[in-house]
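Structure first, commentary second.
Naming follows writing order (A, B, C and D), and every chain is counted from residue 1.
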Amino acid sequence: MSKPVLTVGMIGYQFMGRAHSNAYRQVGRFFDLPCDVRMKTVCGRTESAVKEAADQLGWEGYATDWRAVIADPEIDIIDISTPGNTHCEIAIAAAEAGKIVFCEKPIGNTLDEAERMWAAVEKSGKPSAVFHNYRKAPAVALAKKWVASGKLGEIHHFRARYLQDWIADPEFPMVWRLKKATTGSGALGDIGSHIIDLARHLVGEFSEVCGMTHTFISERPDGQGGRDQVDVDDAAIWMARLGDGTLGSFEASRFAVGRKNHNTFEINGSKGSVVFDLERMNELEYYDNTEPTEQQGFRVIQATAAEHPYAGNFWPSGHIIGYEHTFINLLADAFSAICNDQETSPNLYDGLQNQRVLDAVDRSSESRSWVKI
Amino acid sequence: MSKPVLTVGMIGYQFMGRAHSNAYRQVGRFFDLPCDVRMKTVCGRTESAVKEAADQLGWEGYATDWRAVIADPEIDIIDISTPGNTHCEIAIAAAEAGKIVFCEKPIGNTLDEAERMWAAVEKSGKPSAVFHNYRKAPAVALAKKWVASGKLGEIHHFRARYLQDWIADPEFPMVWRLKKATTGSGALGDIGSHIIDLARHLVGEFSEVCGMTHTFISERPDGQGGRDQVDVDDAAIWMARLGDGTLGSFEASRFAVGRKNHNTFEINGSKGSVVFDLERMNELEYYDNTEPTEQQGFRVIQATAAEHPYAGNFWPSGHIIGYEHTFINLLADAFSAICNDQETSPNLYDGLQNQRVLDAVDRSSESRSWVKI
Amino acid sequence: MSKPVLTVGMIGYQFMGRAHSNAYRQVGRFFDLPCDVRMKTVCGRTESAVKEAADQLGWEGYATDWRAVIADPEIDIIDISTPGNTHCEIAIAAAEAGKIVFCEKPIGNTLDEAERMWAAVEKSGKPSAVFHNYRKAPAVALAKKWVASGKLGEIHHFRARYLQDWIADPEFPMVWRLKKATTGSGALGDIGSHIIDLARHLVGEFSEVCGMTHTFISERPDGQGGRDQVDVDDAAIWMARLGDGTLGSFEASRFAVGRKNHNTFEINGSKGSVVFDLERMNELEYYDNTEPTEQQGFRVIQATAAEHPYAGNFWPSGHIIGYEHTFINLLADAFSAICNDQETSPNLYDGLQNQRVLDAVDRSSESRSWVKI
Amino acid sequence: MSKPVLTVGMIGYQFMGRAHSNAYRQVGRFFDLPCDVRMKTVCGRTESAVKEAADQLGWEGYATDWRAVIADPEIDIIDISTPGNTHCEIAIAAAEAGKIVFCEKPIGNTLDEAERMWAAVEKSGKPSAVFHNYRKAPAVALAKKWVASGKLGEIHHFRARYLQDWIADPEFPMVWRLKKATTGSGALGDIGSHIIDLARHLVGEFSEVCGMTHTFISERPDGQGGRDQVDVDDAAIWMARLGDGTLGSFEASRFAVGRKNHNTFEINGSKGSVVFDLERMNELEYYDNTEPTEQQGFRVIQATAAEHPYAGNFWPSGHIIGYEHTFINLLADAFSAICNDQETSPNLYDGLQNQRVLDAVDRSSESRSWVKI
């Protein structure tokens, strides 16, 4: 009668850890899951801090050694919410211990890491998940449904930008996200990976890319009176061929003053177009090219009705959900798939394919020419 | 073979005179009219100024006595673009001389004036026009078409606001538009009359109103170091019953800081809704309630395609027109109707009906109760 | 060392009960509260349903008799989330039992009920809260801050509309919200009360109102093949004088096709204007009239930065929150005030003042004239 | 006392000829020019059609041989509004005859043509103009002023798209704009040239580009039951380095369903950002990064006030102008410069520099690598 329980241990508890914790707490409140979720252990290096985090975020207990979490036989799922340079080791260890791996994106700091991670997960025979959460916004899921059903016709264009501005100030100090050793790449991997995932999800695989990356500010205050070298990109622009004859144009930047979280895409198909912007994530713009000309126009659909993906699990039409709900939806899908022995999506293979594109953009930027995926 | 010619004499040459002159010059360039238009005489009191205006605005000649213009046998149409306190006398004289009267709005400063004006025009048997130009924006004409065809279903709500802010500064000086003797009323007659016209045009006649008017700043600099009394309203708000069971809500203000020309209405019908805003006058928002819920949303129609009213006379789809074009469209309709012996719309009877509503709002404000029209 | 605990019993568990439960669960996760919150008992009439609700919504236990909940000495707070016709009896009983009353809006079905409720609460000497949650949206709180600081100057206009469309279809069946006996009034009390609260909160008390109410569809399917009489308003429109010389215009309707949750207001002050729309509740539009004209315009502020009210408790700038968070913020304020012996806001006195305005609009509609508050 | 007269002969009278004619007629009505403009001759190959065009568009007379127009000693200015394949010969002949050349864009069908045209114009010592009219929209001129004054700080990003959809339908027939022989290139030259001009004007010269072009539909109905080969691009995407360290991203397409005239750019500087969209051409979005965070947001400036470039020549604030007015403004600037012996802008040198970028994008697309300008 009672549901099976999936027990989670989470490594890391900063921004992503907070978002994941919230989703674990909330997912069963809004979705009728085939399992119960137990938030057993959160793990971090500093005991006092992780203890407080456990309490604040709703974990039963805490640990300071991630290997101990993996070694815990009660734990089914290892959630990796740490900076990128630690993903690979943790994920492989978790997979080898037979755990289900849930991992932040981009999964590795290099393509080599990503390949080894996927190999370990594949070998384990266990499901996995990668936190490309924006797929799970109701408006994006609606776009996916329409592309898949042919409602938009043949897809000619996919253009996406993920723009932020948090380091546009030259005096913004050095942080781990600006160091290749910890993070792999800059805007490209951090936010460019999200628009790559949306492109893959909505339109199909990349066949070739040609890109450029650029660092506007190469030295930043180190917080101790000196300067430290930035060795990742501040911005990346790339063109692509993807899907079945779609032209792609992409841009990721942390220097777009005024853009806080401007993750936006536009799909132009032969029968219609859609536009999404994360800053108004409950909305999908849609243009229907099959109507009488007189009444054609881009409409703003509030994807908050019971008829829209995920939305019926929350509030009545017109009552919006927030950023954090994309993680709730992602977990709802993941837990459903896992309990029903279906394929999770997105999973670590998606993480790997994503990294292949990131790697190709990087190489293209260096070779100043097109690179096939 | 050659077309008949309609010859115009225009009284007044300020803001409205400039807009009318442009429309007379341009209407034959964009519309295939059944007549030619001759801009013979512009009339003003100051000879040097009116001479310069004639040259600048494209009139053959000028005059300083409006009675001489009316007396000119070559002139068919008297265009009245002067302040409101002079309309009545000029219009009646013109009508009695057998001229076609084209008059700015509101047609009179009082209901009594408007009644006498319409009586004179009706007696003359000549057509007339009133410059309620916003009816003629393509987007408004599209809305009209849809209400008339039943596409929007039964009309439950009409809500309109015309908001400006040009006198919000208490130090803005006294001008003729703030004196009852010259202008009749304030925001109510000046801009409120436009939303009354749109309501009548789109939904139907008013049956009763209940309103309030208010003057925020009762004294203003007189330009000579003193202060002068404002005796017209700065803002007016009114409720109404109109058309066939429609509830109306209206607001006109010159104190809505940030609103420059915010002439906006929303119509809610049982089958759909439309929204218009003059500041984006090429656009009509439309919500179609008959579609599948999943894809419902307010769409922004750019009413610039050949399929839209008037728009095909100008530029290709997506190339917008401006404020002045509403006057061109109004004249195109007026000249067509006149030459084809059809009823002009809007005409001085519309001016009279409009004034009946203005008058009722004024009386309602004083009596603090509902007033039937 | 450990925090005091406030223990809650909630009566009712439908839409509002779900939103309240979520807020009780989440408030301590995002705010550093001076107390802990214990969700002890949820109460409903149908045992199987309330049992399931308790489990789903996170309550320790359940009850089927609200009097038993009030009688529970462990419970500090009675949360009333039931239909309006039951509020009065429960609230008075709770107050008389020395409980803190948290109540949904409008607090009573009549002004008399509201007066008795407030009298009981006042007599109890206990704090109270009313769920006018929209005050607590970060964008609204920002507007409040600016009005209070004088940043917008003298407030000339407050115009608000709360538009929905869920009963625009004549075949939408009879529900309790369409019966005066259960709900007191229709659109007026349900959604009109929200814009009254925002007006009071942002601009000040109402001094007089003049309004109209209307029922478009007077009979609806009763679900058993017959028809049942609607005896509440479908729409209400009213004008008001409020605050310190502000003109108010208000509209609430359930027949505005396409408007799902269009709770919007615009404030025009002498120095600036703000506009809010609940459907984009993370945004506040602001026009600054003190800047150089060249650069003036309505700006869209995303009230999601750490500098904005409440927003720093959630996610980084540009990551939006949803409808439910307004309840979290409301509880955070309420618990803070209660534990620090400060006045809660909004409380049942706000509920009473709100009801005085609702009552005045109703009487004005009947008398067809202005009514003083 | 009387002004000098500049006499114009225009070759071609289709879409562009109509827009130019309107501008010649109107420019003196709205601007106080240092010269009078005489519209003497319009030229086209088909006598009956050009005769009608002369009458409709306001030209004194017509001609069927462009060489005769150039030979007319009364004519000062040759306006070239014909398809691209005829520009070069006409422009060189006009320049050699000592005429002022006003030419549509792109000036030639090849870089070689453009170079020869500019050489001839330069040798003639006469001024020239190219119809990159969008520079002259008030909102764009405001952006230019701010970039030039440093108000936006260092310019990090320029991203532009010019999207249309008029050939997205595979059954849209063959027209001259789809044939390389007549038009040089497709979307790239037709609309891509406009965003190149805006980039050069606003940010500075291009130093290198990397692009792709694509033809989605390679055969179209020839109007006689057969199919004809499209040999120009349907879409072009390119990256660039331009100005003083600015990253550029560009896209031009005729397959962006729903986009009618979506000529849009965004400039991100260190101190602020601006966004423009031709479909709302009276507006400029502006984000000021120097304000307190609390009140930062993208504002919509209606560039219609007397304080905005060009706008004071038309209507009061809030009364929008249309597409055609950009040509009026361009001519006003050109005639002012010519009569005051100042440099015209944009002129045929701008046309040449533009063509160098077009040519580089084309070569880059073929070589699949970066090309320096």
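In the analysis below, contacts are C-beta pairs under 8 Å (C-beta built on N, C-alpha and C of every residue); 3 or more make two chains touch, one makes a residue touch a chain.
This structure is a prediction, so every number in the text was calculated from the model and none was measured.
*Asks:* So which chain is farthest from chain B, going by the mean of the CA atoms in each chain?
*Replies:* Using the mean of the C-alpha atoms as each chain's centre, the farthest one from chain B is A.
*Asks:* Which of the two pairs, A-B or A-C, is linked by more C-beta contacts?
*Replies:* Answer to which pair has more contacts is A-C.
*Asks:* So how far apart, in whole Å, are chain A and chain B when each is placed at the average of its C-alpha atoms?
*Replies:* 54
*Asks:* Taking the mean of the CA coordinates per chain, how far is chain B from chain C in Å?
*Replies:* Distance between chain centres, rounded to whole Å: 41 Å.
*Asks:* On a C-alpha centroid basis, what's the spacing between chain A and chain C, in Å?
*Replies:* Their C-alpha centroids are separated by 35 Å.
*Asks:* For chain C, jot down the residues that touch at least 2 other chains.
*Replies:* Each of 259, 287, 296-298, 302, 305 in chain C touches at least two other chains.
*Asks:* How about chain C: which of its residues touch chain A in the complex?
*Replies:* 15, 19, 22, 25-26, 29, 56-58, 164, 166, 259-262, 278-281, 302, 304-305, 314-325
*Asks:* Would you pull the chain A residues touching chain D in the complex into a rising list?
*Replies:* 156-157, 159, 161, 163, 165, 168-170, 210-212, 214, 216, 235, 237-239, 245, 247, 249, 251, 253, 255-259, 266, 268-273, 287, 289, 296-298, 368-370
*Asks:* Looking at the complex, which residues from chain D come into contact with chain C?
*Replies:* The contact residues of chain D facing chain C are 142, 284-288, 292-302, 305, 307-308.
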